[in-house]
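Shared chain: subunit A. Partners: subunit B in the first complex, subunit C in the second.
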Partner chain A sequence: MKPYAWSLAFAFILVGPLLGALLAGVDRRLTARMQSRKGPPILQPIYDVLKLFEKDTLVVTQLQTLYLWGFLFFMVIAGFILFLGSDLLLSLFALTVSGIFLCLAAYATNSPYSNIGSSRELMLMMAYEPMLIMVPLGFFLVTGSFRVSDIIAGSPWQVLQLLGILVGFLFVLTIKLRKSPFDLSSSHHGHQELVQGMTTDLSGSDLAIVEIGHWYENVILLGWLYLFFAPWGPWIALPISFVLFFAEVLVDNTNARLKWSSTLKASWLMTGVFGVTNLLLLPVIS
Partner chain B sequence: MYLISFLLLFSLLAGLAIAAAPSVGVQARRIRFSVGALALASVVLALLHAHSGPEFYALSEGLAHVLDWLFMLGGLGLAVLLLYFCRRIKGYEWYIPALIVVQTGLMLYAELSSEHPRVEHAFYVDSFSVLMALIIAIVGGLICVHAIRYMHDYHAHAAGQHEAGDLDRSQQRPERSRSLFFFMLFLFLAAMFGIVFANNLLWLFFFWEVTTLCSFWLISYSRTDEAIRNGFRALGFNLIGGVSFAAAIVWLTHGPGLRTWELDQLVAGGSALALIPAVLIAVAGLSKSAQMPFSSWLLGAMVAPTPVSALLHSSTMVKAGVFILIKLSPVFHDTFAGLLLSLIGGLTFLVTSLVAVNQRNAKLVLAYSTIANLGLIVMCAGVGTAATMWAAILLILFHAVAKALLFLAVGTTEHLIGSRDIEDMEGLVYRRPAIAAMLLVGMLGMFLAPFGMLLGKYTCFQAFLSMDVMWGDGVLLAVILAFGSAPTLFFWSKWMGKLVAMPRHAQPSEVPIPRDEAIALVALTLLTYVACALFPLADTAFVIPYTDFLASLGLIPASNLAMPWETITLMSLMLAGLFLMPLAFWLRPPHFTEVSGYLSGANVDGSASYRGAMGVERVVESRGYYLSGFIREGTMVRVGLFGCGSLMLVMLMGAVL
Partner chain C sequence: MSFLKKSPWVLHYAATSCNGCDIELLACLTPLYDVERFGIVNTGNPKHADIFLVTGSVNEESRKVVENLYAQMPDPKVVVAIGACALSGGIFRDAYNVYGGIDQVIPVDVYVPGCAARPESIIDGIVRSLDILEQRAKERKRQRKMVAL
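Showing the complex of A and B:
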């Protein structure tokens, strides 16, 4: 364990949300440009969250805040493990726990909209989970370790060996980022059949926790994406990951929402076709 | 040696003493005392044998001879008893007495042969069997304690009384069936101790059949037609396994190649010599641990009183099946038979995890998840490396504790709210906080990081990917595990969501949890926590010595299993977080204004109803997702039965040819 790994991990805890907020800001600007609007300032997400903290928090049950703490705690842990250079699979498990806590918070409020939202979110988790697991499995077969530090030090050819897994991962990344066509658990636009899905009954500081959690999450996902290109060094890998990350915005703006069953089928199919095939062919490729 | 015989004989004698108790109160005291004594003895055994290799015990010539005869007579007696029970079979169940006769015939053919192998060590203790004994004595014992009060209510309910448990009833004579019920529970525990400590395969087989008998009797306990039919199904399926086990013993007596009646010799034979009998015994293990195609008996076992389900699902019966599979696991290492065994487990895991999503009945969800988890353990057993055995043993431990807790908690919930439907458990966190907290801990223990089951999965992934039987085998198993875990996540979280939901109506319920049930539940909740927090201890004390010993014999490849300290630190951090967050919340709760949920209209009665567009008051209802259109239970089960059935046939034929 090198000292810089620790500093990176702690930097994630402190700077992670800021970076995540900037990502969200850029995302909104890009979206606006694609829709021929000017869009808000890059720092708008931060202003939004600061404002949320100023507001009164209304809750259906006091316990919902506890579940949201759990959501944030495990999200931070997941990122901490990742940026520490530790175990990728363990990080994924922590990420899963965090997602379940968010669903519990929504279930706890028990409004029909948050109920449907969290059920759909669970369905989405069921859809993307196998593919997300394939990613560490693929890295393990290539580098012989689940450790992030070993993956970064891996062979520069690993992204080619894991091309199928990368494609599958980009597919489920769209779900994970709650982008259209898979934004069926929480809608960013009001007045839809879902109202606001999971976040319907979250307000004030509770909603702010959710936003901050998502910032962390986006940084973690960007980190995952980076891992594929990591052996090439940050100067090449970072730009590629950013480009791929923001390509999701384009997908978001050019697709209509799918139904949950199509989402589930499509993502399991993608996992099978790209992920599993890639894993099976690995001994041949390498 | 003395401790083993104590565990075995004491549970038997305790069963007799409990059955002979003159009054309900005395019976309850005897049960509590016996459970305490058994738990104490198993802990002493654990302290003496943890961290050490196996010890084998030889009996004196005379004693061994007498016991041989006793076990043979016992086996015959068992067969006669089972045949006697068979007087109530229906026409299509003709195969059950046939199987009993075949099995007894096979056993006599082996036992009465003039030149049979000599058994040197009749009993043994190793760290794995010590861990099993701890599970059987403590988890099984707690289930018996829970049963005291549960059976009281059960009988009162059956007799049409509203609530039992007043003082004068404890002076009454217990019903004959209830006394026999507790006798069967303790006989079950005794047989389980026999299974985990017997090295003599014939004796092990006798204990094996006793568990079959007990489960049959306990499942049919309520004497309804459904219960009796399900009991016979359990009996029939387990007898198929029994016949297969008996065939293995005949093979080991008369067959070419390896001739031995000792378990350790069989395992030491390795895949070259011992594969055929090992595969035959594996079929018995599959039937006992309710893997597809035998799975339906465990689902049918639900008709029994809840403590019976808890016992069958957590600490006994199914665990006997996976216990023997893990014992034989070194034989399967690097063989096609082993890979097929893993695939049977894997397919069972996948299918039952998916089907569990469909279920609304809490006990059915638990039953399917048991079968799925056992499937995971079977997957590990089939691979047969140190890492998978390590994972399998830890899975047994964590599953036993968490599943016992869940079953008992569901049973108590059913008595409190009068339903075992998941939808009816909405808002249990507010209605019955204590029981809901226990259910939540049990569920977290079943599938979430940082609890034990996930640790097992983690190791499985690693171990599968390091396999090398044929091209793509490990990837296949890992993919099955990945796809099977996803629905697991879904159905558990969905259920947790129901529990934590804010109830729409106040549903006050004042009935307290009865004392004996509370003792068992609280103890199991603590055990779940402790097992997760102290798993490195369980690991070094019980699992590592076992795998190290097998590696030192050269039966499995040696490997360094020590978890990196960093992983352990991170896991502990997560566990601490899960513990400290509620604590912090309880100490410094945030005070926010409470409102009722959003209903897209003016709320009338809290979150329960709202004024809709036309001014009409509308009542809110929302239910969970069961995906019954998406995952078709019937089709899935058929695929599973057919797939696992053919895999099993291929495994048998492949081994024999």
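Showing the complex of A and C:
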């Protein structure tokens, strides 16, 4: 393992949330511009979280904070493994465990809103997990390794070979980022049927932990997206992944929310049509 | 400098009456006024809110809701009463079930007059409440330190 891999992984732990916060800030500003508003400052997500630490934290049960730390911990682990250039599959598992911890925290608080929110989140996990699993699988079939460092050093044609999987991944990315039409577990706007879904009963520093976790998650998902284009080098790959990442904002602003059953059907259909077909065709293309 | 001033999240409740002030309040979120440029977010959730905006004359039915929402908001928090109804009961003052003013039920920090209150004055009311919010935050910090000692 090269020393520079270690420094990248530690940089993720330190700088990751800052980058994630900036992504969230740009996201909010873009959303505002699309609605012909001026929008908040780019640093607004950071102000929000610093504010949350100034507020009191209402504790429904001691467990909620424990689960939230679990959520944050496994999120950091998932990113650490990814940026270390290590096993992509392991990183995915850590990401999933962290999602489960967030659901547990929401269940523990026992409010009807967060209960519905977390059962919907579990449903969403069933919707996106098959496609997410297919991403490392596709990389493995193309490069012969689950290691991120090998994928980056892979052939420049891998994105063409994995085009179907990329399309499927972009589809589930919308679910992962909790954007419309799939934001049914935690709506970001008030005055909707779920209030705030999973985070309804979390306040103060607990809510801040959730936000920081989401910042890490943003960076991790951006990293996954980057992997597809990685062999072309950062100067081409980074802009492409940023553009695709912010294309999600456009999707968010132009779609109404789906019901969980249509979400499940749509995402499994996409998984089948693009993911599985791509996997089956791989031996022919390569 | 407290970050509460940079990201005040508001909770909005209409304690009955004609809903005129209600609509004006929501007008603040539209592209013309866009309060999100000050970091103001309309949360529908008392546990995330810093500022409680109440419109309308409170009556026996809505009193419990107002009290409940106020109790669920974590400290530091402020209350802004918006519109003649929320200040004194307004034209509904003489109705048999109306309390006459939100301050009969929960402590109010800023009063925004008008029937209906203009979006500009509502934004002004929120901005004024920010100073009070900052004061409260300092006090709360001191209290927490004393508990920790």
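The working rule: the second predicted complex is superposed on the first by the 286 of 286 C-alpha atoms of A that agree within 3 Å, B and C clash if a C-alpha of one lies under 4 Å from a C-alpha of the other, contacts with A are read in each partner's own complex, and residues count from 1 in each chain.
Heads up, the rule we're going with is that a contact is a pair of C-beta atoms (placed from the backbone, for glycine too) under 8 Å apart; a residue touches a chain by one contact, two chains touch by 3 or more.
On a predicted model such as this, the values are computed, not experimentally measured, just so you know.
Look at A:D150: by the touch rule set out above, it reaches neither subunit B nor subunit C.
Once the two complexes are overlaid on the shared chain, A:Y47 sits against subunit C while remaining clear of subunit B. Applying the stated contact rule after C-alpha superposition, one finds that A:D56 touches each of subunit B and subunit C.
Of the two partner chains placed around the shared chain by superposition, subunit B is the only one that A:L141 touches, whereas subunit C remains out of contact.
With both structures placed on the common chain, the touch criterion links A:S36 to subunit C but leaves subunit B unconnected. Contact with both subunit B and subunit C is seen for A:D201 once the two complexes are overlaid on the shared chain.
Residue contacts after overlaying the shared chain place A:V276 against subunit B, while subunit C stays out of touching range.
Which of subunit B and subunit C touches more residues of subunit A: that partner is B. Applying the stated touch rule to the two superposed structures, the overlap between the subunit B and subunit C interfaces on subunit A comprises residues 56-58, 195, 200-201, 204.
Interface residues of subunit A facing subunit B in the complex, by the touch rule stated above, are 1, 56-63, 65-67, 69-70, 73-74, 77, 81, 84, 86-87, 89-90, 93-94, 96-97, 100, 103-104, 107-116, 118-119, 122-123, 125-127, 129-130, 133-134, 136-137, 140-141, 146, 195, 200-201, 204, 206, 261, 264, 268, 271, 276, 279-280, 282-283.
Interface residues of subunit C facing subunit A in the complex, by the touch rule stated above, are 2-4, 6-7, 31, 34, 36-39, 41-45, 47-48, 50, 72, 74-76, 137, 140-141.
Across the complex, subunit A meets subunit C through its residues 28, 32, 35-41, 44, 47-48, 50-51, 54-58, 189-192, 195-196, 199-204, 207. Looking at the complex, you find that subunit B touches subunit A at residues 426-427, 429-430, 448-450, 454, 458, 461-462, 465, 471-472, 475-476, 478-479, 482-483, 485-487, 489-490, 493-494, 496-498, 500-504, 566-567, 570-571, 573-574, 577-578, 581-582, 585, 589-600, 607, 620, 622, 624-625, 627, 630.
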